[in-house]
Structures are given as C-alpha cells and as structure tokens.
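In what follows, chain A forms one complex with chain B and a second complex with chain C.
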Partner chain A sequence: MTELQAGQGAQPLEVPRIDARPQRYRDLLIALAAFSVLALLPMVFGSKQLLDFVIRCAAYGLFATSLNLLVGYTGLISFGHGMFFGLGAYGFGLMMQKTGVPIPVAFVATLAITFVVAVVIGAICVRLKEIYFAFVTLAFQMLIHSTILSWQSLTGGDQGLRGGIPRPPFLGIDLSNHLHLYITSCALLVIGLLLMRQIAQSPFGYTLRMIRDNATRASFIGIDVWRAKLVIFVLAALFAATGGIIMALFVSGAYPEFAYWTISGEGIFINMLGGVTTFLGPMVGTVLLLILNDTVTRLTEYHGIVLGIVILFFAIGLRKGLMDFVVEWFAQRRGEGRG
Partner chain B sequence: MIFVDLDALASCLASPACLVTQTTSGLIIGMLLFLVAVGLTLIFGVLKVVNFSHGAFYMFGAYFAMTAYQLSGSFALAILSGAVGTALLGLIFERAFMSRVYGRDVLMQLLVCYAFVLIFDDVVRMIWGPEFKSMGMPAAFQVPPLFIAGGVVPPYYLLLIGVALVAAVVLGLGLARSRIGKVIRAAAHNPGMVSALGINTGLIYGGVFALGGMLAGLAGALAAPVRSLTPGMGFSVLIESFIVTVIGGMGSILGALIGALLIGLIRSFGSLGFPLFTEGLMYLFMVIVLVSRPTGLFGKEVA
Partner chain C sequence: MLEIRALSKSFGGVKATDNVSLDFADGSLTAVIGPNGAGKSTFFNLITGALRPDAGQILLNGVDMAGKTPPEIVRHGIGRAFQVASIFPSLTVEETMLAAVGADQRRASVMHHRFPLAETRDRAEHAMELLGLAGKRNRTAATLSHGDQKLLDIALALVLDPKVLLLDEPTAGMGTEERWRMIDKVRELWEKQKITVVFIEHDMDIVFKIAPQIVVLCYGRILATGTPDAIRSNEAVIEAYLGSDDHAGAVA
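Entry: the complex of A and B
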C-alpha cells in the first residue's frame, strides 16, 4: 500500500471543536439560577448574620477568583494581589467621602484609578519570573500599605477611613439598607464571576493556560507573552478592586488591613483550599475559609495554630485543593463505572 | 504633618556628630538584617526554596535569649542559646516539613511557610504572652556611650557590629575554603551528582537550614537588648530581608551584605528626610533595582 492509498483509507481527522455558544448559555443560566437562589435567601432565612456572611463571601470571593486568574490560569503567583483589594476599598471610600458623587460614578471612577495603577505596576512586575514576581508584587503591596499608613491627612493613617462612607440612594437602590446592600453585593458577585468565566473560557483564556504551561513555546508561535500577562494582571486587578468596593460598602469604611500583605496571603490560601484547577474552586475556598475563621476565632484565641495546621493538611497531606480532590474523585469513579 | 523634610536631612549631612550617629544606627540595622538575609539567601542558594518563615527564627532567637538571660544572668549564654536553639528548630523544621515540598510548586512551599508563620507566632503568644517584652541591656554594657566626632555611639552597638562582621567573615571564608563549604556549594550546583558521590544530601540540606536558622536566631538574640520583643516581630524583619536578598541577588552572600548595609543606611537617613515614608523608600529602592537589574545587584542570571 502506498502512502497515498493509506491516506485515502484513513478517516478524516475529526477536530474536536467545542462550540462556545451552548456553554456560554449554560454559564448564564447557572449564574441566573445562583442569583435567584441568593436573592430568595433573605425571604427564607431572615438572619442578618447569614446575609452578612454572604456579603463577605462576595467581597472575598471576587478577590480570590480574580487571583486565580493569575495563579491558576496564567501561573503568575502574585503575593501582592491584595493591594488592589485595598485600593478599591480606599479609592471608593475616599471618593464617596470627599466628592459626594453618586455611587455608580464612584464605582466606575475607582475602577478607572485601579486600571491606571495596575497598568503601571503590572508593566514593571510581569517582566519578572516566578519568585521574583512574587516578591515585587509583595513589595508593591507593602509600598501601598505604607503609603496609606503615612498619608494620614488623606487616609486617616492606621485608624483607617472613619466617619462612615455616605451611601446616597441611586436608581431606587439604597445601599444603607441592609437588604439592598445584600442584593447588590450578590449581583456584583454573580456578574463578576460570569465575566471572569467568559475570560477564562475565551481564546485569550486558553492563551493564558498555554503561557502557564510553556511560555517559551507560546512566545515562539507568536504570542506576545508580556502583553497577555499584563492584560490579565490588569483585568484581575479590576475584579479585586470590585471586591474591595463591596467590602468598603459593607463595613462603611476602609482600614489599612485591607491593603496589608495578609490579604494576599489569605487569597493564595483560599485558592489552595478550594483548588486552582476548577473555576469555582476559589469560591468554595472562600466559603470554607470564612467559616473556618469564624468558628476558630469563636473557639480559641490561638486561631493561627489551627489555621496553620489546616493549611499544612492541605499543602502536605492532601497536596491539592478540595475541589481538585472532588473533581478527581468523580473522574475516577466514572472511570471505574465504565471499566 | 511633614512628608518630606529635606532640611533636616541636609543639616544632618553637614554635621559630623549627626552623621556618625545616623551611620552607626544604619549600620546596626544593616548588620542585623544581614544576619537574617544571609541565612535566607543561603537556604535559597542551596535548597532552592524561599523560607518565608525565616522571620520566625529571628523571633525565636530573641525570645530564647531573653529567657536564658533571665534564668542565668549571663549574656554570653543568652546569645548562645538563641543561636543554638534556633539551629535545632531549623533542623527539625527542615527535616519534618520543608523536605516534603522540595521540587514542588513555589505555591506549596509558600503555603507551608505561611502556615508556620501563623503557627510560630501563636506558639510564642502562648509561651511568652502577647504583650511587648524587653530583655534589658546586660550589666556589662550599661556604661556611658562613646563619643566619636561628637556623635553618640553606645558600646553595645560596637559589639553588635563586631559579632555580625565576624559571622560574615567566617561564613564567607568557610564556604569558600573549607571542605564542608565546598560540599555545600557543590550541592547547590548539582545535588544529584553530590549524592552519587556518596554524600548525604539530606544531611547537607538540614545542616544549611540549621545554619540559616542559627544566623537569624543570632540576629534575634543580638537585637533582644535593643528592640522590644513581640509575637509577629519576625515579619517586618522578614520583609526587609527579602528586600535585601532581592536587591543583593538571591543566593549571593556579598550581595546580602551590600544590600543589608544599603537598606540600613536608607532607613536611618531616610527617617530624617522622609519621616513618614521611610519604608516606602526601601520598596521604591527595591523596585528601581529590580527594574534595572531583575536578578539583583550581585545575582547570577537564572536559566
């Protein structure tokens, strides 16, 4: 048989084409369902504590998921992502306190400021590899933290932004009303997650995965690695800032701790806890960490030890996040069922 | 509210007395930082991990020294127990935990260390309490300060600088000349080959970690009489030593020394010119160095 004949006999290679559209509709449906469940929650359980918990989950969840765009999808281990969380909280709080513009305007303006800062910082950071990247982002985080501490006339120094953030009603939404704040936070969370999901599933998202797995190869086939990294760095910063804005609205203030490195550390830990291989892993991690934090602080004053042991259990014992574990377990079971 | 006070800086630079005082205070900050940072850089150079919990060894060194001093009244014993105690701690920590994450994700290594930052801080809080403690200046050094060109220099500062210098020289010569030093350098270069030659690399890794811990503990013990002790005191030192190693270049001992002295001087003179932005100044300096030389001043190009 000649080569030509062999070629004729062969089946045409089937290129696995994932049609993006059905998946996009599915994501949208899931998002709508999630939002309706969250929105109906206050009618079933009236407890303020539960709603507070969900609002905190929204703030940290947006932050952690955006960090996963960097850590999990692009392989950029940022140890300073919390700076954008703090920037969002402070930017929004200051804007509301000093200028008195409507909330949507302040929201957009805060994101615009974050955008500019993230472009400048990102342009410097994404040049660097692995551990150096982690350090420089950490250094920028501390730079912003120490700026907040020292610029007392503007930020209130170590006391934070006090006196409350004015929350004038807009379009019939009154964010000083707890229920309105709750619904708005949920909406921001769901929209944010949906947008990030779109980014992760887009061709650009797959470019990021490729950069993570083999940056040299990516650059070889003509991808501008530096630019792709910068774009995702800035996008992730915007979502982190949104988390910060929710936090500022929730506590009606902003504190230097929001910009401290521990926020970034917690973000990394949340990602680890939930797992970085699934999109919703960080969200699961957020819920777990907040529950863990709340129960442990209630039980003992030494919550660092308990938290540390839990981290060790995941890092050394399980060697992966919870969602990674669950997904693998399901895959294995399915495999067994077929075999 | 003063943000920039260049007059104060200029008038200090013009006066020899102020110059001497600020330089010595910069030197002791730098020397303490060097001891912590050199351990960090050594551990990174050989084990290829970043010991994010290195600050805890500094903290334990200080607390060990304080307890030993209160029990025995001997300052020499205090320093010794600070150094030896942390060396043991480093050995145990490395063998029991860090050795499990070699060659794994940087993320995992950072997480294990992050866990221990939390645990160690709470352990100290449990044993010694959450409040600020102070060891007090040993009797031998409660003497009037020296005056050099009109500047005040406490004698203890001289001891501190001397001990740190001796440690730097011993370390540098030991690594360059001694047999163990050669083995360590070989292990940093090619651990597989070293272990094929019949040398126990696990032992070397543990030893290097213990050495790094010991140097940080020594720094903590030396700092105990002049700084206040509190759980979490290690973290700011850790961040600063990171800056030092990154400026000097990861894995370079000379780089750590130069970087530490630069940061010490920036801190002491910066506190005059930019009283509220001294820390920011360090980060700024680090960013400038990293942007112009991503591997640090003395770092080698990493493949």
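Entry: the complex of A and C
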C-alpha cells in the first residue's frame, strides 16, 4: 500500500484534536501560580539581591521573549530589537523627569511613542529579506543610539539620564519602595508573557508560523505577508519597550547602553541559550544569562571569554537552546517508553 | 467564468506568453499541455499574480485580476497548488488546514486561542477528508511522503473554497501508479466540488483519458484547444508536440 492510499482513512478515528479551551485556562492558571510564587518570594527570602535579580529578569525577559516573537515565530531575525528597549527606558525616564505626569500616563505615552516609531521603522524594514532586514534594523538601532549620544541637552549624552527618575505614588503603589517596584515588575512580566502567549497561540500566531515556514505559500493562501510582519514587529516593540520601562524604573535612570546594539546582541544570545522553539525558552535563557553574567563577573574580569565559550557550547555542542534540548529529550524518552 | 483576454508576458525579448485568449467555463476541467518551455507555468503565474502581465486581462466573473497581488487574487477565488509541493514544513496537517482557514476568515484574531470556531474546524475537516489526509492530521508536514505533501498542497488551495483551482503538475515527481491515483483524486475533487479546475500535465495518456478539454501551448502561444479527440487528430499538435516526442506517453 502506498502513502496515497494509506491516507484514505486507514487510521483509527481516535485521534487527539487541538482543543482550545482547556489550554487557555491552563495558561492563565500557570500565570497566576507563577505570579503568586513571585509575590510570596519576599516573605521567604528577604534578600534584596534576589529581588533585584528578579526585577532584571522581568526587564530582560519581556525583551527577549518579544524578540522571540520575531525570531522564533515569524523568522524575522532583528539585530536592532534593542532600540525599543532603549526607547522605552528613555521615553519613560524623560517623560517622568520633564513633565511630571503620573506613572501610568507616562507608561501609556511611552508605549504610544514606541508604537509610532515601530510603525515607521517596521514599514521600512519588513519588506526586506533576511540579511537586509537584519542589517537595516541594526542601522536604525545605531541611529537611535547616536541620536541619544549627540542630543546632549535632552538625553544627557553619554552620561545618560541622571539625577534619578521621580516615582510619585499612584493608586496606592509607590515605586520608590523596593517591594512595590518588585511586585509591579513581576505583574508586568506575567501579564506581558500572558499577552505574548495569547498572540503566539492565536490564529494570528499561526499566520506568523506559516510566514516563517514558507512566506510565498502564505501569500498564495491570501495572507498579506508584509502586513502581518509589520503587526508583529510593532507588537514585539511594545513589549520590548515595557522591558525598557522596568529597567528605567529599576536603575532610576537611562543609559546609552540600553539602546546600544549589544542589547540586541544579548537578546539574540538569550534566545540561543534558552531556545526559540518553546514559548518559555527565552525566559529560561534570560535567567541563565543573568546568573552567568553575575557569577562570572564576580569571579573573573575576563567574563567575555567565559560567555563566549558558553555560547560555543550551546551553538556547536547542543546545536539548540536549553529548552529545545529539554523538550526533545522528554519527547524521546516518552517515545522510548511507549515502544 | 474565467476569461483570459490577449494575455502577454515577455522576459527580455522572449515571449513566454504571447497574446493568449481562453475561456474556462464554470465547472470545467481543462488540461494544459505543451513541450518544456511552452509557457505553461508562466501562464499560471500570470493568472495567480506571481508575475505581472505586460498586457491583457484576466477576468474572473468580469473582474480583472491583472496587476493584482497574489493575496488579492486568492481572495477573489483563484487558488493554486505548486509543481514542487509548497507547504509549511513545521506545522502538522491539521494545523496547516486550521491556520489556512483562520487566515482566510480574515479573523486571524489575536483574541482567539487556537481555532475555537466550529466553522473553522468544519472547513479544515472537510478539506482533510476530501484529500484523504484526515488520518494523518497530527503528522508534521515535513515528515509526509512526497505524494501526501502534494495532496496537502492541493488541500491548502481547496480549503479556501476557490472558484477556480489551478494545479501545476499535480503528478510531478511521481511513479506511474501514484500518478494515476493522484489524477483520479483530481477528477474526484472536480466532480465533487463542482469548481473550475485547470491542471498542467505532461503525461499524454493521463491527459487524453481524463480531461474533457485540452489546451496546447507552444512557444507561449495557443497551438490548439479542444476535446481529446480533436487534439489527437490536430496536425499542428502532432507536428509540434507529439511528433517531436514520438512516444506520446513520455514523461517530459
């Protein structure tokens, strides 16, 4: 019997279907559980260092996961995603310093600015193919970085936004209080991840996968490829900017490094570490990279070499990210268990 | 009704499609044949918007498709499958179908979790049943056999409920037996779906057996159109095509 024949209903009817509802609640429950654990953490471990670590994970995690929406889900390798991280940090910091609006207003306004910038840059970039897309995004990143450096009167140039960002209390939340800042960062992280998960699992998320796999075919089933790419480019920028806002709140300032190309590089690096085939891969990668960074810098001044070796291990040794590896390993074990 | 009016396309002086005018009645089944380089694939690429015509009209129920983009033309109801199966390697068969319908509904909504609408599932299910892929719904497209990938490619076009279905060599790269099964499938689809089907085919035995209407292209021009009997006895065709290729059933 050939494959063509075998296709004609030869298999049993009991095939698992993609069912939507239980999974949606599952995601929500996981998110709630994760938030509860994070929120209770300060009661168990009082260490400020640990809470700082989690806040940084929130900032970088949102950034890296949003980059994965482009890299892993849509196949758009952006080398300039860090510009939106920097834009978020500077936009929010400047708004708080110069206008004194309430924090939620500055938050929304920063996202609005990011939206406009991302639409303009995205409209130019997403029409380009692979390597050109990568380099033009990188070029825009450098453009924003040099603007920050040279516009000294506004941005403080290479000194960054100094003097602290005012953090007036709102709705009973006081972000100058470390614990409040911690809880808010965790909430933003969990909500951001949940929203991105929703995007990835929606029909639109599958449109992105189709574009990644075969953009030509996608256009021949009626998909406006460039429009879908632009939409995800802008959405990803908004989450990256949120990460930047958390960072600005955390350090109470903004520095040109937030908008430098190395931030984009770290994003790519995190995705390589954690893996791009699972939704939480970049989150795992973020935790790994920050732990590595913190421990290695404490032990040696040659931390660049150590990080380089770790990258080589993942890229050449595993040939995939940690989560990709774990998922495959489990799948293999399950396969062996069955038969 | 698909009407082609004086369609032309040249590539640097070579006329790949030269003043072609053709009518495809609703619900007709037509085979397009012709030697290599006759402009068959170019003809399909023009109709589906992959290439922009230099001149001429492509009227689908009176609306001109010439100059429109591929997604627009697909949404007007012209679907196509490719000579080399064009699929989404990392998606499963079922995901492919659901995602295609989801995109077609123009509700690629970010609010939905996966594909909750009964209509989406019914359409996907129907297409999988039609092409005999339902039993392989959880197979990743990349792991399917060559034949099944071709079927999946056709399913992708069919799941959008096209008015006109263009199949670029549905039997390409297949063994003799598999070819016949595929072509039976094409005929079955045509009969069940009552849509206009146009397919490119090299195997003369197949063409003469199943196509009620045949178009012969040669150097971008229409050499002849008609029933299998008319084509078989057409002298120009014999000379240009069958004669040069003395075995009629040859795989080109």
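We adopt the following convention: the second predicted complex is superposed on the first by the 322 of 339 C-alpha atoms of A that agree within 3 Å, B and C clash if a C-alpha of one lies under 4 Å from a C-alpha of the other, contacts with A are read in each partner's own complex, and residues count from 1 in each chain.
The rule is simple: a contact is a pair of C-beta atoms (placed from the backbone, for glycine too) under 8 Å apart; a residue touches a chain by one contact, two chains touch by 3 or more.
A quick note: this is a predicted structure, and the numbers were derived from the prediction, not measured.
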Which of chain B and chain C A:F220 touches, first, second, both or neither: second
Contacts of A:V190 with chain B and chain C, given as first, second, both or neither: neither
Which superposed partner A:I55 touches (first chain B, second chain C, both, neither): neither
Contacts of A:S153 with chain B and chain C, given as first, second, both or neither: first
Touching partner for A:M142 - first (chain B), second (chain C), both, neither: first
First (chain B), second (chain C), both or neither touched by A:G308: first
Contacts of A:L67 with chain B and chain C, given as first, second, both or neither: neither
Doubly contacted residues of chain A, that is, touched by chain B and again by chain C: none
Residues of chain A defined as touching chain C within the complex: 2-11, 15-21, 23-24, 198-199, 201-207, 209-210, 212-214, 216-225, 228
Interface residues, chain B side, partner chain A - complex: 1, 3, 50, 97, 100-101, 106-108, 110-112, 114-119, 121-123, 125-126, 239, 242-243, 246, 250, 276-277, 279-280, 283-284, 286-287, 290-291, 294-295, 302
Complex interface listing, chain A residues touching chain B: 71, 77, 79, 124, 127-132, 134-136, 138-140, 142-143, 146-147, 149-153, 261, 265, 268-269, 272, 302-305, 307-309, 311-312, 314-316, 319
Partner chain A, residues of chain C touching it in the complex: 48, 50, 69-71, 74-75, 79-80, 82, 86-91, 94-96, 98-100, 102-105, 107-116, 129, 131-138, 144-148, 151, 156-157, 160, 177-178, 181-182, 185
